[in-house]
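Order as written gives the chain letters A, B, C and D; numbering starts at 1 within each chain.
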Amino acid sequence: MADAALSSPANRAAPAKARVQNVQAPLWRNALFVLPFLVVFVALLVVPLVWGIWLSLHKADAFSSGRFVGFANYVRLYNDKIFWQAIGNTFYFVLLTVPALAVIGLMLALALNSRTRTAAVLRTVFFASSVLSVTIVTLIWRIVFVPGFGLLATVYGWFGAAPPAFLSDPDLVMIAIAIATIWWCIGLPMMLFLSALQQIPGDIYEAAALDNANRWRTFRYITLPSIKRTFVLVVVIQIVLQFQLFGQAKLMTNGGPNNVSKPMVLYIYEAAFTKWDLGLGAAASEVLFVLILIAAMVQFLVSRRKGESA
Amino acid sequence: MSSMTSAHAPTPASDVGRGAPSGMVGRTTGDRIILGLTIALAIVMMAPLLWVVALSLKDNKELMVSMNAVFHAPYTVQNYINILATSSVFRWILNSLVVAGGLTVGTLVLSSLAGYGFARLNFPFRNVLFVIVLMGLAVPEQAVLIARHQLFSWLKLHNTYPGLILPGLSAPFGVFLMTQYFRAIPKELDEAALLDNASRFKIFWKVLLPLTLPAQATLGIFTFLGAWNDYLWPLISGTKKEMYTLTVGIASTQTNFAQSEGLGFLMSQAVFAGAPILILYLFFQKYIVTAVSGAAVR
Amino acid sequence: MTAQIEITEVTKRYGALTVLENLSLSIKANEFMVFLGPSGCGKSTLLRMIAGLESVDEGTIAINGRRIDTLPPGQRDLAMVFQSYALYPHMSVADNMAFGLKNIGVPADVIATRLSEAARMLEIGHLMERKPGQLSGGQRQRVAIGRAIVKEPKAFLFDEPLSNLDAALRVRTRVELAQLRHRVKSTMIFVTHDQIEAMTLADRVVVMNNRRIEQIGTPMDIYTRPATRFVATFVGSPTMNFLKAKMDSRDGFATLTLPDGATLQTAMRSDGLAPGAYELGIRAEAVRPARAGETVTTSGTVEVLERLGDRTLLYIRLSDGSMIVAEDAGLSRAAIGDRMELTLDGSRVHLFDGEGRAFHAVEAAHG
Amino acid sequence: MIHTLRTSFLAATAACALAGGLLASPAFAATELTFQRFFGACDADFGSNTDVSKAVGECGIITSMVNKFNADNPDIHVAVTTVEWPGYDQLTAQFAAGDPPDIVTIHHSALSDYQTKGLLLPLDDLLAANGIKPADFTDASRNGVTKDGKIYGLPIDNWTMLFHINMDLFKQAGLVDASGKPILPKSVDELLAQAKQFKEKTGKPYLIQNLANETALYTRNLYTYLFQQNSDFFADPTKVKINTPEAKKVVEMYKAIFDQGDTTKDLDYAASINAFLAGEGGVHLNGTWMIGDYNASAEKPGTALNKGGYAVYPYPQLFSGKHAQYADGHSLAVSQKDRSEEQTAAIGKFLKFMADHDFDWSRTGHLPAMKAVLDSAAFKALPHRDTVAPIAELGTSLPGAVQRQFAIQDIIGQEMSAAITGQKEVDASLADMESRINELLANL
């Protein structure tokens, strides 16, 4: 037989199991690294979330704790035309902005995906507005849209025409807010698409060129499939972002006229701080939470699918 | 490993726009048309900004008479002089810097620590806790707004810097990002350091943290911009003029222009308030672009 | 500075999956021990358990009689060279090498001396201020070894350190490692799946497969007297030939009948061997074309030729359909399709019984 | 690179600490009062002006008054926070946060919101200690700030909406009588007829209204013409009855004006002022507070108002009920919170100063809150006070017990705007208006 001589049994009478120092052992002190964040997370996110749910079941204003009313606040929301309108407005806004952001962002990315100096400058221009704060953006666009002395009115004035009433026509206000938002937010989708385009190996394009593919066919059959996931990602990110519309609507139209531009967040804000109806505001918050949760789950599923196929 | 290569060598911004098609053949007519359209769009993009800048350089009273005054001299920098003399914009910029800076530093510290903890260390309930933190990603700020406002009232934190900074620190995005990033770093580095007798904290601080620099930049830039541009929370928490952030401060002046200092002055405030971040952007453009692209690839 | 390592009845589990079972092993001081085995055999796990990077579920590990499996990795006084080198990317070569020493408070002048000593030995003095990213694969490898050397550990642990190098560099580094081990007197444990590395470097080889040790022995032991069929298969290139054989005893030696009816008289003593069906193992170097006048054991048709320069490997289909590899001179005239008569060297055969036990014609060199 | 990171970590932390320290410590040890107000910001023009008589307009005058107070009282420092009009969201958030300003501008109509929650300090004792007697206030002002028998704010003015008239355009339209006074309508039909005539003659709309982004103007217009029809829509302060034929008449009148193009349509508040100053229409519906500004413009050669003059009148009586129009007032309220005696004394001093300078404030165009000022020759000598004097009697408020008047104003404004611009049927608007207000009031 082989000389697989086993070692001498020197340590065979091993002592009772000593406390094993294990690098993978679940040690409480390892949790010290996550503790600072967890404290903030629990105190400022989890607690308010639970507190908010509790509030939504109460009739409460800012100055008194209120009384338990069960689901009465939710019933009130259900019966409130303005709340439904706010939800509708929010979806309408998402519908106005997200496809535009995705498509324009992609087109800009395609147009500017080159190494020339011009392209670099233009990228800078298109991304620049993204760093401005919402109040400056709305100020700028109010000054563009404002009747009488806005940029738009001035330009129309040269042709003796009256500009569309972007800030007061019920059919146009959401579009006005959407225009300002697209102007503000276009940089991010463009950049995301640009970096996706750069992930496409150049030799595929060389192969396509050898196959005599024209510009459109190259785009349709090579570029588009390659950035499909980024496209979905951009859409989902933008849905979640645009769902939270607040500043533009508050500052440009204050939700008017007659609530046609009032998004959900503004509804919540007004419920709490104009109507002092914290319970109602909290209930509306929970509805918003659920809607965004759905969007976030879609995002999760998308990114997980990305992980699987990557 | 592929993410590590990008971690070690952040893509320089010049690589953005390494265009595949245009490098192969000379510029065609189609390319020129596209370029022309893009430039036209860029001009449309710029027009509102230029309009605002032009307004800010005009005398308020002249603007009251007619907007066409914008298109011809005289131009004046009096509005800007007035800002320097009287406006609270400085204070608001300072507040925004403190809040955005504090939030950025705090987020980087908390997220890095927690990211390392979740990615590398084992402790009781780790996976449960991580899942809970992940679920936190789905909680929008607005959903906890009212309860948080009450909580901060109770803690007497409104109209303080901590009151403006703390809510942002609870966002789990940074922890998520950093955990992913730490996970992408080869475990052998920790193990080598363990054999080199380094403590867990030393491994975090001396060995791994420096490797997360690109992620820190991404997270830092997003956090800073997010905080700089936040409007909703400062609106209800920083309610005193000396605690206004720039966004709230500018908003507080903007609907009042008829009865206030006038359009030109308001515009000059907007320009004045927007300029620092735009200059920062031009200055750090390379990093911002890399950060955005980095976030995308991840 | 050197250590005798005692591994006693060690078991490792990942949940329900047992990776190592009741494994014992003794490594002598200053010994170059190689853990050899296919991937997933548990050899890296064993190394990492010695290093302290994996916990020990049962059993003990001791160095010089002192139990270490309860110590954190940093206190075991071991150095490890990782497959990926695990150099700290943001630190210079010098800092990489000094990091561990600084951590235990070694005085600066001692660090400087050790660094320059190691740099001289490994010829990396000109690289000391560079970052790992600026080094070639081979240079990184040297730095990783240097980082281990400066610690003057009780034992070196190598986790497949050559597998990330290209073929030429791997051969060169292997030679350098062999030289190094004679300059640095220390216990070394080296994990690899490459039998050539094991054969060329090891004092002793531990062949592992499927959670357990198959054989421990010197390289020649392992090559000439594989303890199990697995070892026989795993060690040696080309792989040992296996043929079904029926054993009979004649004059106290085993005589084998091959499937095609050929018989082979071996130099293996038959006492203690029950007659019956066995598997014959014979390496290609013991099978060669029969020269004129030699005893022909069997014959077949050449199907594939592998010309290696110094020798030629002939893949020959026997009449019963089985394949055997034979070795011929480098300038062999054989061609595909040739009919070839073969001589099998009866003094270099191995027999494996149904339970995987091995019997060898060659006597053990010692003991 | 890591060094840069670490250094910047440390530097940022240090900078935050330093900034925090610097900002936390007040520059000097004077008694600090916080005064939160709307009326806009005008630091560029009046930031350092302490000569109140030189100031014009609400913003300029109040800024100068505070400057003057600070200059006169070096031991007190009043720090001003200007909020976007009307600033109640912010004030509510501050009260909820337990950190309200010491003194705050509140409309008489909004006082009860805060008073009913016990958030405001009753001022009777403090005012008495500083020699201000409730009897000094005009009746409208006293009523406006008195809740449950106590005074909850120092009234500084009463205001109402007015017809600000561009006389040049009125002359062109033939709407000036022999004595040079503008001819104003006496009924709905007359109003529409005159508007038509105005448009034919001048090519410009009769009314300048800020209809974009606006709710207040609609509401005040509605209240005024409901009063003129003796409609007691808030007989019960917790339940409105506004889906009435009277309300319908008013809404239909404004709708007719809108439909016939006799008003500007897409202007917001600021733009409407600009439009009037530029001579874009005949009558600007705006408050008393614009008199000072418009008068100043009219005196400046080359402006649209200078051409033919500027006149200002109460809303014309268009219905057969009592002569009335909606009025409200501004007051300075003091928040309930723990204060030292010095602070309370300082607040008293500030209120006294504001009461003493009520004449200066009335130069904005508002009606003074102090009887003595209202009756003074100096006030009567101010431009246009003769024509707007009747508003002291005409001014009518909602019952003081009606809460959330600003939230109600939003609802009325939204629904009226929808009806007038044709988004909604008038009846549907009024029905929604009533149910939404009652839903709000039922859930206080």
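Everything that follows uses one rule, which is that contacts are C-beta pairs under 8 Å (C-beta built on N, C-alpha and C of every residue); 3 or more make two chains touch, one makes a residue touch a chain.
Everything numeric in this text was worked out from a predicted model, so none of it was measured.
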Touch-network distance, subunit A to subunit B, counted in steps: 1
If every step must land on a chain the current one touches, say how few steps get you from subunit A to subunit D. 1
Maximum centroid distance from subunit C, chain identifier (CA atoms): D
Distance between the centres, which are taken as Cα means, of subunit D and subunit C, whole angstrom: 92
Would you mind pulling out the distance in Å between where the CA atoms of subunit B average out and where those of subunit D do? 38
Distance-wise, how many Å sit between the C-alpha centres of subunit A and subunit C, to the nearest whole number? 56
Two-or-more-chain contact residues of subunit D, please, as numbers and ranges. 1-2, 89-90, 93, 96, 270, 274, 278
Each of the following residues of subunit B touches two or more other chains, namely 109, 149-150, 194, 210, 236, 251, 254-255
Mind pulling the subunit C residues that touch 2 or more other chains? 52-53, 72-73, 90
Interchain contacts, given as pairs of chains that touch: A-B, A-C, A-D, B-C, B-D
Flag every residue of subunit B that touches subunit D in the complex, lowest number first. 64-66, 79, 82-83, 85-88, 94, 98, 101-102, 104-105, 108-109, 149-150, 152-153, 156, 158-159, 161, 209-210, 213, 216, 235-237, 239-242, 251-261, 265
Write out the stretch or stretches of subunit A touching subunit B in their complex. 23-34, 36-38, 40-41, 43-49, 51-52, 55, 62, 108, 111-116, 118-120, 122-136, 138-144, 148-151, 153-154, 183, 188, 191-192, 194-200, 202, 205-206, 209, 215, 218, 230, 233, 240, 243-244, 246-247, 251, 264-265, 268-269, 272-273, 278, 281-282, 285-286, 288-289, 292-293, 296-297
The subunit B residues in contact with subunit A across the complex are 14-25, 30, 34-35, 37-39, 41-42, 45-49, 51-52, 55, 63, 67-68, 70, 109-111, 113-114, 116-118, 121-124, 126, 129, 132-133, 136-151, 166-167, 169-172, 175, 194, 200, 204, 225, 228-229, 231-232, 236, 246-248, 250-251, 254-255, 263, 266-267, 270, 273-274, 277-278, 280-282, 285, 288-289, 292-293, 296-297
In the complex with subunit D, residue positions of subunit A that touch it: 59, 61-64, 76, 80-82, 146-149, 165, 167-170, 253-254, 256-260, 269-270, 273-277, 280
Under the stated contact criterion, what part of subunit D meets subunit B in this complex? 1-2, 5, 9, 12-13, 15-16, 19-20, 23, 34, 39-45, 47-48, 57-59, 79-85, 89-90, 93-94, 96-99, 101, 269-270, 273-274, 277-278, 289, 293, 303
